[in-house]
Each structure stands twice: as C-alpha cells, then as structure tokens.
Amino acid sequence: MRSNNVVLINEEGLRVDGRRPNEMRPFKIIAGYLSNADGSAYIELGRNKIVAAVYGPREVHPKYLALPHRATVRCRYSMAPFSVEERKSPGRSRREIELSKVIREALEPAIFVEEYPRTVIDIFIQVLEADGGTRTASITAASVALADAGIPMRDLVAAIAVGKASDTLLLDLNGIEDQYGDGDMPIAIMPRYNLVTLFQADGIFAPEEIEEALKMAREAIYKLYEGQKEALKRKYLKIREEVLSSE
Amino acid sequence: MRSNNVVLINEEGLRVDGRRPNEMRPFKIIAGYLSNADGSAYIELGRNKIVAAVYGPREVHPKYLALPHRATVRCRYSMAPFSVEERKSPGRSRREIELSKVIREALEPAIFVEEYPRTVIDIFIQVLEADGGTRTASITAASVALADAGIPMRDLVAAIAVGKASDTLLLDLNGIEDQYGDGDMPIAIMPRYNLVTLFQADGIFAPEEIEEALKMAREAIYKLYEGQKEALKRKYLKIREEVLSSE
Amino acid sequence: MRSNNVVLINEEGLRVDGRRPNEMRPFKIIAGYLSNADGSAYIELGRNKIVAAVYGPREVHPKYLALPHRATVRCRYSMAPFSVEERKSPGRSRREIELSKVIREALEPAIFVEEYPRTVIDIFIQVLEADGGTRTASITAASVALADAGIPMRDLVAAIAVGKASDTLLLDLNGIEDQYGDGDMPIAIMPRYNLVTLFQADGIFAPEEIEEALKMAREAIYKLYEGQKEALKRKYLKIREEVLSSE
Amino acid sequence: MSSTKPFGDILSTIKRESIVTLLRKGERIDGRGLHEYRKIEIETNVISKAEGSALVKIGDTKVIAGVKTEIGKPFPDTPDMGVQIVNAELIPIASPFFEPGPPGEDDIELSRVIDRGLRSSEAIKLNELAPIPGEKVWIIYIDIYPLDHYGNLVDASGLAAVSALLTTKIKNWKVEDGDVVLLDEEKPLPIGEVPVFVTVGKIGDTLIVDPSYEEELILDAKITLAVTSDDKISGIQKSGLGGFTPEVVKNAVSLAINVADQVRKKLPT
Amino acid sequence: MSSTKPFGDILSTIKRESIVTLLRKGERIDGRGLHEYRKIEIETNVISKAEGSALVKIGDTKVIAGVKTEIGKPFPDTPDMGVQIVNAELIPIASPFFEPGPPGEDDIELSRVIDRGLRSSEAIKLNELAPIPGEKVWIIYIDIYPLDHYGNLVDASGLAAVSALLTTKIKNWKVEDGDVVLLDEEKPLPIGEVPVFVTVGKIGDTLIVDPSYEEELILDAKITLAVTSDDKISGIQKSGLGGFTPEVVKNAVSLAINVADQVRKKLPT
Amino acid sequence: MSSTKPFGDILSTIKRESIVTLLRKGERIDGRGLHEYRKIEIETNVISKAEGSALVKIGDTKVIAGVKTEIGKPFPDTPDMGVQIVNAELIPIASPFFEPGPPGEDDIELSRVIDRGLRSSEAIKLNELAPIPGEKVWIIYIDIYPLDHYGNLVDASGLAAVSALLTTKIKNWKVEDGDVVLLDEEKPLPIGEVPVFVTVGKIGDTLIVDPSYEEELILDAKITLAVTSDDKISGIQKSGLGGFTPEVVKNAVSLAINVADQVRKKLPT
C-alpha cells in the first residue's frame, strides 16, 4: 500500500533512529503531573509527550444518563494543534473520535466499574507532541492516571505498537516508520491477567507474524508496566515525604 | 425559469420514457420490508427506491418534550449519498429538512394521535435511489409503514406529483422531467376523506391548471391507494400463512 | 498596527464626517419599539441601527440550569447579514460570541438579579446596520429594553467608544475611523454609581490617554443617559395617553 | 428531525372557542373581514449599507429584509445565470417561542418558500446577471429577519423580500481581461415578474386571509400562494396538521388571486 | 467524548443466561454451529444511479452499500493515487437504538475499520486512478447504510462494500490539454486483493463467528479480522469491554481464516 | 448565547469570608502581598514539532503554548501582511469545570484578548511576513492550552504565547517564479514589541494582581491590561459581573504598569 523509497532498516539492521528492531524507545512516566485532576500522569516515549487526567468517580449530568449497576467511563483523546508536523485543526477529527473509543475499551476492563454505580469516571488525554504510537502511550499514561486518582483497578494497562517494514517486525514505530512502514499493530495488555484489551492493525500480517508481534509487544509492555509502578511509587513516596516533613 | 433545449414531449405526445402525459410510472409496494422496525415499507416507483420505517408509539426522551394530549410525530427524510447522479454529501441538506416537515404534515392528519398521549411515533425515510418524486413516494411508503406498525389511522395517505412542460400537464415527473420541466406540484391525498394533506408547487400554474392537476393526481393516487392496501393485505396473508403452517 | 494613508482628521481638526474630536454622533432612542418582547428599544447612533428585546424574568428550561439565589441573565448579540459592507454570513462569529459576553457583563451589574431567583432574563440584540460602535450602542439600547420590561434596576447603563487617530483621542468612532484609526476603547458606565462596567481597548494608549478617554466617554454617556430616560418617559406618556383616551 | 410542535396548548380554551365562534359567524376577533388584510406599511431603503432593503408591517407583524450583492461563482448546473440566495432567520427577538440557535425547519421552510416563489416567477432576471458565464456571476443575497411575530410571517417576509428587491441597486460593470470590473455608477437590479405571497387559512369550512398569530394557533391548515400580476400562481406551500379538499384548494386559489391585487398596490414603485 | 453504552440492560437476565448456557454446551440459540455464519445473500447492481452497489443480508441483518466516483484532488501526501472514502451511517431505520443525528463513534469506527481493511489489502488499485498526478485523480466514495441491524454489522458492511466495489464500473478517460476528459465507454474499477471481514466473538472460553444481535449484547469482547485470499490479515479491530489472551487471539485468527473462505465464495464474480 | 455562570456557589461561605476578611487587612490567603505574583516559571522549546513553544507556570496554574507556521493566503483587507491566528482551548484536563466540546465564550474571549494584545503592540512583525503580497504570506498559529487552572489563565496564557513567539524559528524563503520556496536555514520569527498581560482584580476597595482560582470566585470584577515595555497599554479587557470607578481604573492601570516590569524579566531572551 505505501510504496516508497524511504529506507527504514539499514544494512546493519538498524532503524532510522539507530534502534534494533525489537528495541523500544526510552520512556519516562510521571504520576500526579497535574494538581486539579483527581489523578494524572505525563508520559514521554521517544518524542511523544502526552498528559492524561482523570476526574471522578463523580456525578453524571443529566442524571438519566447514569448506569444503575456500574460507573460510566468516558474518554476523550485529543491532539494539540502543534503536536504534529502540519498544524492540526483544533476541531475533533474522525481519528480522534475512534481512538477515544478504542482507548476507553482498552482501559475499562481494568476498572472495577461496579463499585461506583451511577457515577462517571472521565479520562482526558491531551497529546502535546506526537511521534508514532500516541494511542498506546496514551493508554499507558491514562492507566497511571486512573490509579493515581485512587480508582480501584484489577491491574494497570500498558500498551505499545508493533509495526513492519521490509518484512521485519519493528517494535514501537516512531513517526517516520509509521508513515513509511508497511503496517502497524497497536496492542494493550493487562499484564497480571495477560489480557489483550486493545488490538488493532493495518497493513498485511501473516498469522505467525501476529503471534510474533504479540510476543514482542508483551516484553515491552512488561517494561512499561514496571515504569508505571515506579512512577506511582515515586508519587506516593513524595507525598509521604511531604506529609512527614510537615509534621 | 428553466430555459433549455431538452425535448420532454415528442411529436407523438409521448414523454422521454415513452409514457403518455397522464400516465404514472409502474410501482411496487412491499409492507413489512424490515424486521427491527415496528412497521416498514419499501416502494419502487419508476427508478425511485425508498424504505420507510416506523418506530412507536414509544417513550419520549427527555420526558418534558412529551405532549400531554397526543402523540408527538417525528419524521426524518434522508437521501443516501449514492441515490443521485452526483454523490450527495451525507450531512443534512436544507431540502431534506424542509421535506421532513412537509411529509410529517402530510401524514399527521391521518394518524389518531390523540390515542397515544405522551408518546412519540418516529417515521424514518431513506431514499436509496431517486428519480423524481421522492417526497410523494416517501409519503405513500411511510403511510403503509404506519399501518404496518399497527398505528390506528383515519386513512392511508398516497401521493404523486403533477408537473408541466411545453404547457402540458404531466403526471408523475421523472428526474429528467423534473430537472428540465417548467414546474412541479407534489400532492398527497387521504382518499377516504378526499383531503389534500401535502400541496406544494414551483413553476407557474394558471388556476385552471391547478384544478386539472388535482384531478390527474387524484386518479393516480387512487391507484397507489389500491397498491398500498394490497401490500398490507399480502403482508397479513403471509403472516397468517406462517402462523397456520407453524401450528 | 494599521498603517495607511487615510486622513481621519483634516487641517481644520475636523473628522471625516465633519465632527470635532470630542463630538458624538446624533442619536435617537425609542423605548417599546416591539410588541412581543416584554421590553424593547431601538437606537440609531449615526448610521448604526440596533434593536434590543428583553424577555423575562421567565422560567428556565431545563430546570437544573436555574440559579437558586438569583436570576440567570442571558445575552445574544447578533449582526444581520446586510448590516455591514460585505455581507456577513448568518452563522455565529467568534466576535459575536465575545461581544455577547462583554455586553452581558456590562449590563448585569445594573440588574437586581437577586429579586428573581430561578428565572432567566433574556436580552436579544439585533444589529440592523453597523457603522462603528455597535457594542456600546447595543448596551445603551439593551438597558432601555430592560427598564421597559419593568425589570428592577440599580441604574441604566450607557456606553460609547473613544478611539484614536494621529495621536488625537476621538469620541464615538464611526466605521471608517474604526477601520483606519489607531485604537478603540469601548466604555460603558452606570452614571448614578459612576461605575465602569464595560471597558475594552485595542491599539496603544498611554495611561494619561486612558484617563482622558474615560472623561470624554463620561460626558457623552451622560448625554446618552438623558436620551435613555427621555425615551422611557415618552413611552410611559404614550401609554398613559392611550389609557386615558380609552377610558 | 421534524417534530410536532406543542403549540396547541398555548391558547386558552376560552380564547380558542371565542375565535372559532366568531369565525363561524364570518367575523374575526380583531374586527376584520374574513378576506381582509391587516394594515400594510412598507418602508424601503431603511438600511443604507444594504443594496436594497425594506421594513414591512402587516398589523403588528414586522419583518425587515435586506439585499446584498457580490460577484461569485455560479451554480454548476446554471453557469449562465446569477445566483439567488434567500435566508430567513426566526430570531428570538421576534417571539417568545423562537429559540436562539442554528436555523430550524421553520426558518428553512420560510426561506425556501420565498425562494421558490421568487425563482418561479423570475423575480430577479438572473440571466442578465452573469458577466462571465461559468466563472463570475452576481450573487444576490436576500436576508429576511422577522422582528415582531404577530402572525402571517410568510406574506410579510415575501413582501419585504420583494420590496427590497424592487429598490435594490447594483454597481454597473464591464468585463476586462477576463475579470469583472465594477464601475461607480449604479443601476437597478434587473427585475422580472414579482409575486405577492398570500396565505389562506382554513378553519372548518371558513377561509381567511392574513391570519393573526392567535388565528394561526387554531387553524386546521394554511396554504400560501405566490400570485403573479397576471393572476397565475408561482408557488404553493400547504402547511399545518390538517388538509384541504380539492374544492377548497380551488376556492383558496381564487381568494388569493383576488386579494393579491390589493396587496400588490402597496409595493414600492 | 466516548462513553460506556448502557446496552447491558437490554437483554433480560433469563434470555442472557439461556444464551450463555447454550454456548457453554457448544450450541447457539438459533441452532447454528459456533463457527457457522447465518445465511448470506448478496444482490448487486441494486441502485442504477450508483456506479456499483450491493444489498447484503446475513440472516436478518441487511446492509446496502453504494459506490460513487468523481474526479477530484488527491491527498497532498499521495499525489499519484486515487482517493478512497468510506462512510458508514447507522441510520435510525435499522435499529430502535440508533439515534438520528451526526455520525457518532460507532458510525465512525465502522467506517474506519472497513476503510483500513480495504486500504491495507489494496482492494482498489488507487495507483491506477490518478489521471493527472497531484492534480486530478478519481475519488471513490463507498457509502454504507445498514437497513436492519440483527448483529454483526461489520462483516455485513464489509461484504456490501466489497461486493459493490467488485461490480463498480467507471468511465474510461483520456487526458487532453491538461484536463481529464471522461469517455462514454465504461470499464470495471481496477480491483486488487479484496478482504473478507470476519468478526469473532468471545464469551468465557468460547469463540463464535457472526454474532447475532442478542449474542453481541452478552459477548465479553469481539475481534474483527480482515482476511485476504492468501490467508493473511489486512486489518484487525478489537472492540468491546473485555479482552483476549494472546493464545485466544491466535485461535481467533485461525478461526477467521478458516471461515473466511466460505464467506468469500459468496462474493460476486 | 452568553449566560451567567453558576460559579458563585462553589466556594463555601466560610472560605469566602476568610478570603475577604484577609484581603481587607491587605493580606492574601496564600501569604502573598496584594501586588505580588505567584512564582513564575517558563520553559521554552518544550515541543520539538512546534516552531516555537513554552510551558508557563504561575504558581500551580500551568499553560502550554505552541506556534506553528505555514504559507497561506492573506486576509483580503491586509494583503501585504502575514496572518496571526490565536486559538485557546479550555480543555477539560485543566479544571473540573471545563467541559469537553466546541469552544465556548470563555475560550473565545481568552483567544481574542491575547490576539488583540499581541496585534496592537505588533508583537509579530506581520508586515515582514508577506513573501508575495496578496497571494502568499506566512500564517502564524498560536495555540494555547491550559493544563492546570489555578486562576489567572489570561496572564499565564499571554506569557506562554509571548514566550513561544520569542523562541519561534521559521524557515527562510525566497520567491522564485511567482512561488515561495522555503529554504533549509531557519531564522527567528520577526518580533516587534511584546506585551505582558497583567490582570488586576477588585474586591471592595482592594486591588490585587494575579488572582488565584479561589480569589477569582469572589472578585467583583477583573481587568486585564496588556502592558508594553515603554509602559503603554496595548489591550484592555474588563470581565466579571461588577464594575470599576474611573478612579480605580486609573489605579489599576498604574498597578499593572508597575508589576509588568517584574513579569517581563521572566521572558526568554
């Protein structure tokens, strides 16, 4: 589909940014990045920069929209106009609307929604800079924000994409690779349950490639998972410190 | 207004599709075309292909919109993008909004709305293919769908347009005639009460032409009315057959 | 910012329409211009022609929007497509949205909103012709419409703009002056309290110019204030006359 | 989605019955004859920034219309004609029942009825307004704003639109190097046959013209007829939740043609 | 904003449990095998004004798709390719739960899943549809309208889109003086590899294909796979509020590939 | 339609009174002086895909601004100038009271106040950004996104916008064959006089600068002044439901000019 002459893997098997095929970009997660939100997180993954905020559980307006046996989860994924090469118009794109849905459906399985009937849990995601893989990085950040908000969860959700170029599977495509590569398969997993909660693909993949991609993703996701937990730990240590020092 | 060189009536007095001036196109009506809808109908009239579905009487949301002494009737006329020569954008056009209103006002007089206070009756019309006279064919189909939904009615409503070219009144304009003709007068009638419930025109008509057009329309409408009743009869015979054969 | 060669003040110190710098355009105010509205007013100021209508205090829909301790004030400033040189599209512009807010905030301080909890007071402003200073003329008219509606008020609000060209402050800019001048400072005042309730500016002003502009505005505003009161008086005299003559 | 309006509840039963009872006797609550318009007043050139404008009163009903013109692209299917665009907006100033917001079905129906009536009778000679066919033609915008709604907005809007058109002046032009150059001199907009819009209301067996707001609330149905100066009809729109027998349609047409003459006399010349 | 849908409440507890109990026994409420589609019927060329069209039934689910084509501008980043636009609209005719109004997230997700599946497998040879690269290319619109929603709209929509494309004819053309001239003769739209969309539902440990509407209400999650004729996957979309273990994903992929062949046989030739 | 916001109810009466009582004593609830800003931090070049960017903190209030540039068409009335477009969006991340959805009046007012302040002082030398006057000029987009709203969004947004502009680089260009060719080398955006936005709040007879969120809830009214480096005012916006006497306006102007210097020192160089 995407015919082109861009070389994505060089003779030494290295990628445009010098990574090996199964190498994830460096990342950084901050829990509690914001003050107003009930929970929040900031993630940098390569050049991606994303803020996630969680509000809730809170009251639903108007009330007839409340679900009697569970919390409503709402999700809004949004890209800042300056986050991409060509300025994005501030209106909602169809892509943003679809991603809001699949991100919500990647996160909802991890939330004990039945503990907060008739309330809403709002997940707001703002992409400040995008460089391939924003939906998966958003899921990783949003799940930290949910935990930071104190919302009871079965597990965190972490996510990464596996792509393809020159018949090679590539972990964690960056923007250039995404644009000129032959396919992209974003995957989210709840590690404790080994449950795939986001799974999409475009491009052509053989069944064995899908299997292989899931393995590659899982390894990276475990690393992200550790990063998520450390970020939450840092936040609580910091709070404890503040509490102790204020005594 | 529409100056042009298109010949709509040939020397033998025949129209572009070979019809005589007072000849309606062949039509076919199917009652109960859909399964989800409470009532439905499909009409073909010439190349027009239209589906009508009725839902209700059902609850109104939000409740303060309910009318205390009668049912609310809602109507949505909509054209598929592929129904016309040049693809129609899927957004609502001003034409569709106006036609939704006049179609509703053509059908409401036939419904015993006072029997279902505080409810809503929804009429959805989808034009799959358009070739002149979709609003009138929509009325004919929608009134069958209303009856198919078991909604008590004073009468069915059937409708047809009368147009004009070269100073001749033409029954049931097709798309070409509508585009190049000199006027169009869509008419809906409740036959049992001889009541005109849709009546519009553009183009120039002398008073006596209006009178004549109403007569031409009435004849055609009586034929459509028979077709409507037969369609409903076929549907009930079919159901009866199914019930009997299942015993 | 607005470089140009348009001469706004001639050698005799007169402006494009022959006015002196501190001279307001002639104006005319009619209270009770409309019949449906609970209160209304029409203002002409130079070539500006504006209608203001007030409805309320009336019920709020939906009810959960009602404020428990005061009336909600709503304001809609709108320009007719034919009111300006180049036809304005009928949709809401960002300018109209901002002006609706600042006009509301200029008027609310004058209304005893606490006397009508859980109700709404609607202020609708339609600019029929625009020639510089429509927001200030709208405030002047709308406050007459509020009084005409019998809504208890601390005071009327009157407003005028002060602009600048060739380093000279100019009272009440007309359209040409607004377009080619160096700045515009719309000001609304409640005269009895000497309270500035609208205050905006673009262009560059030194602090002493701002002080001077406020003085120029105040003088004009007192004239408008007299005009407002006379308009209301005329309206009540007319009503009294009608009542007396009908006895 | 089009939806039944809950207007029926507005009028008290007593008021409703008193209007109906009077109409049955051939009388109207404001003393008019059944086929009599309220007082019509037309003031033109009220908006100096508009190329044409008119403020029309029919009784307490008040509508303003303004005409703006510009050079633009023709519609693809009529490359050699100017473009006529009619826009009516039921602004909340005019009635406690008009809501602010984007145009609804009533705004759109009103726009389209006026548009068709003007178009069918060739009120504007659009074929004289295409300086460079297929490329640059005149766009004629007719914007209609009711200011006070006391019934029969259609007829008042039609009168306002027609009166504004009749007084519209456009810049003269020449074509130079494939472009349209507007000249300083002005000329009247080329006008063809202008229609008069007459709305006939039906209640029981009675037909009335120019229904007031209260009458509109009790009418079975209305029919608007655009009447040309040679007693033809250039547009029809039935509206409302009832119907007409063909016989009554015929009567309504005759009635409209009869009264149109009186209304036409009010047009600016 | 995407929001949890309150669909779970629709099915009665008894119905819900009877479906689940049957599925655990490897049976389905309508008697089908777990990996069996309902009856598929495809009728093509149903809309004569469309350049291609198909009406697809999967059991009682009914979807119509139409293809329209026109000459227009390419996307800036693919100047030498035609443009493919997929639009699906969940019109309220098709289900009591579809609301009228602008497209929501479900409409958009459906459109985009079909779009990506077609695009990845190069269903339309877009590179053969750029008469004047960078300037004038073919725009291929695929509009999908569900008429009756009894479950598995994705597969039915995919089938309708593919069937419509396979029967689409476009005007032949020549480039003359830097413009595209359409000729009278027609030719088939250049088609590459068309995918078959197979949706696999998961409930507990059970996988089923072609879920009915009632089954959709109780599924843990669904996964749609676009399967090519050489048993590759040209698109994936998991949806719903649950998840799959990687092992089950693998099984779902195999299952989809297996049943895709049967579905493919129904395609028009 | 603009509508009174129900914000007054948010603060408890006790909190409200304690803030007011302190202010009367010349003290603030967070210990600041009346005319003292919270701690200001500015980080620039935070978004590598933006041509300029800045993350500004005023206390806990956090705003990010990014500048993007492209070649486009000038406004018809300023053919020989580049185009400045300011867009602020009050995204729901930043406050429990910001709702998702299209921009409301607060978003629009914020955008327009920043836009006018920049424009009046000629912060961007737009006259140097018109490579082909009337045809192709630079469009400079300034997008402002508050991330955490703890009061005084206007001043923080202004600082973010100005800081982003001061660090913006655009591609150099040449005009060749009537087209603009962008070169690889970059140069700073041509900057004129940049304003500092200072918001002064009034409660009773007391004026404060940089109101916190809680203070904003109890203020009678606010006035924002855009202050230039030579102590002039390049923009004013009063907001809120109260007013100022002319005397107090004068004091607010002096106060704003006084504190603007301190704020200006924080700007990137």
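To keep things simple, chains are lettered A, B, C, D, E and F as they appear, and every chain counts its residues starting from 1.
We take it that contacts are C-beta pairs under 8 Å (C-beta built on N, C-alpha and C of every residue); 3 or more make two chains touch, one makes a residue touch a chain.
As the structure is a computational prediction, the values presented were derived from the model and not from experiment.
A.B. asks: Where the contacts of subunit B and subunit E overlap, which chains show up?
C.D. replies: A
A.B. asks: Look at all chain centres (mean of CA atoms) and spot the one farthest from the centre of subunit E.
C.D. replies: Using the mean of the C-alpha atoms as each chain's centre, the farthest one from subunit E is C.
A.B. asks: Report the inter-centroid distance (CA atoms only) between subunit B and subunit C in whole Å.
C.D. replies: Going by mean C-alpha positions, subunit B sits 51 Å from subunit C.
A.B. asks: If you average the Cα atoms of subunit D and of subunit E to get two centres, how far apart are those centres in Å?
C.D. replies: 47
A.B. asks: How many angstrom lie between the centres of subunit A and subunit F, each centre taken as the mean Cα position?
C.D. replies: Their C-alpha centroids are separated by 31 Å.
A.B. asks: Touching at least two other chains at once: which residues of subunit A meet that condition?
C.D. replies: Within subunit A, the residues that touch at least two other chains are 62, 76, 122.
A.B. asks: Among all residues of subunit D, which ones touch two or more of the remaining chains?
C.D. replies: In subunit D, residues 1, 100 touch at least two other chains, as defined above.
A.B. asks: Viewed as a graph of touching chains, is the assembly arranged as a line, ring, star, complete set, or other?
C.D. replies: other
A.B. asks: Return all touching chain pairs.
C.D. replies: The complete list of chain pairs in contact reads A-B, A-C, A-E, A-F, B-C, B-D, B-E, C-D, C-F.
A.B. asks: In the complex of these two chains, what residues of subunit A are touching subunit C?
C.D. replies: Residue positions touching the partner: 61-62.
A.B. asks: Which bits of subunit E are touching subunit A when the two form their complex?
C.D. replies: Touching subunit A from subunit E are residues 1-4, 6, 8-9, 104-106, 108-109, 111-112, 116, 119-122, 127, 223, 228, 231-246, 249-250, 253-254, 257.
A.B. asks: Inside the complex, what are the residues of subunit B that reach subunit D?
C.D. replies: Contact set of subunit B toward subunit D: 1, 3, 67-76, 94-95, 97-98, 100-105, 108-109, 113, 183, 185, 190, 193-207, 210-211, 214-215, 218.
A.B. asks: Could you pull out which subunit B residues touch subunit C in their complex?
C.D. replies: 62, 64
A.B. asks: Provide the residue numbers of subunit A that touch subunit F in the complex, in ascending order.
C.D. replies: Against subunit F, the touching part of subunit A is residues 34-37, 40, 47, 49, 51, 53, 55, 58, 76, 78, 80-87, 90-91, 122, 124, 126, 128-131.
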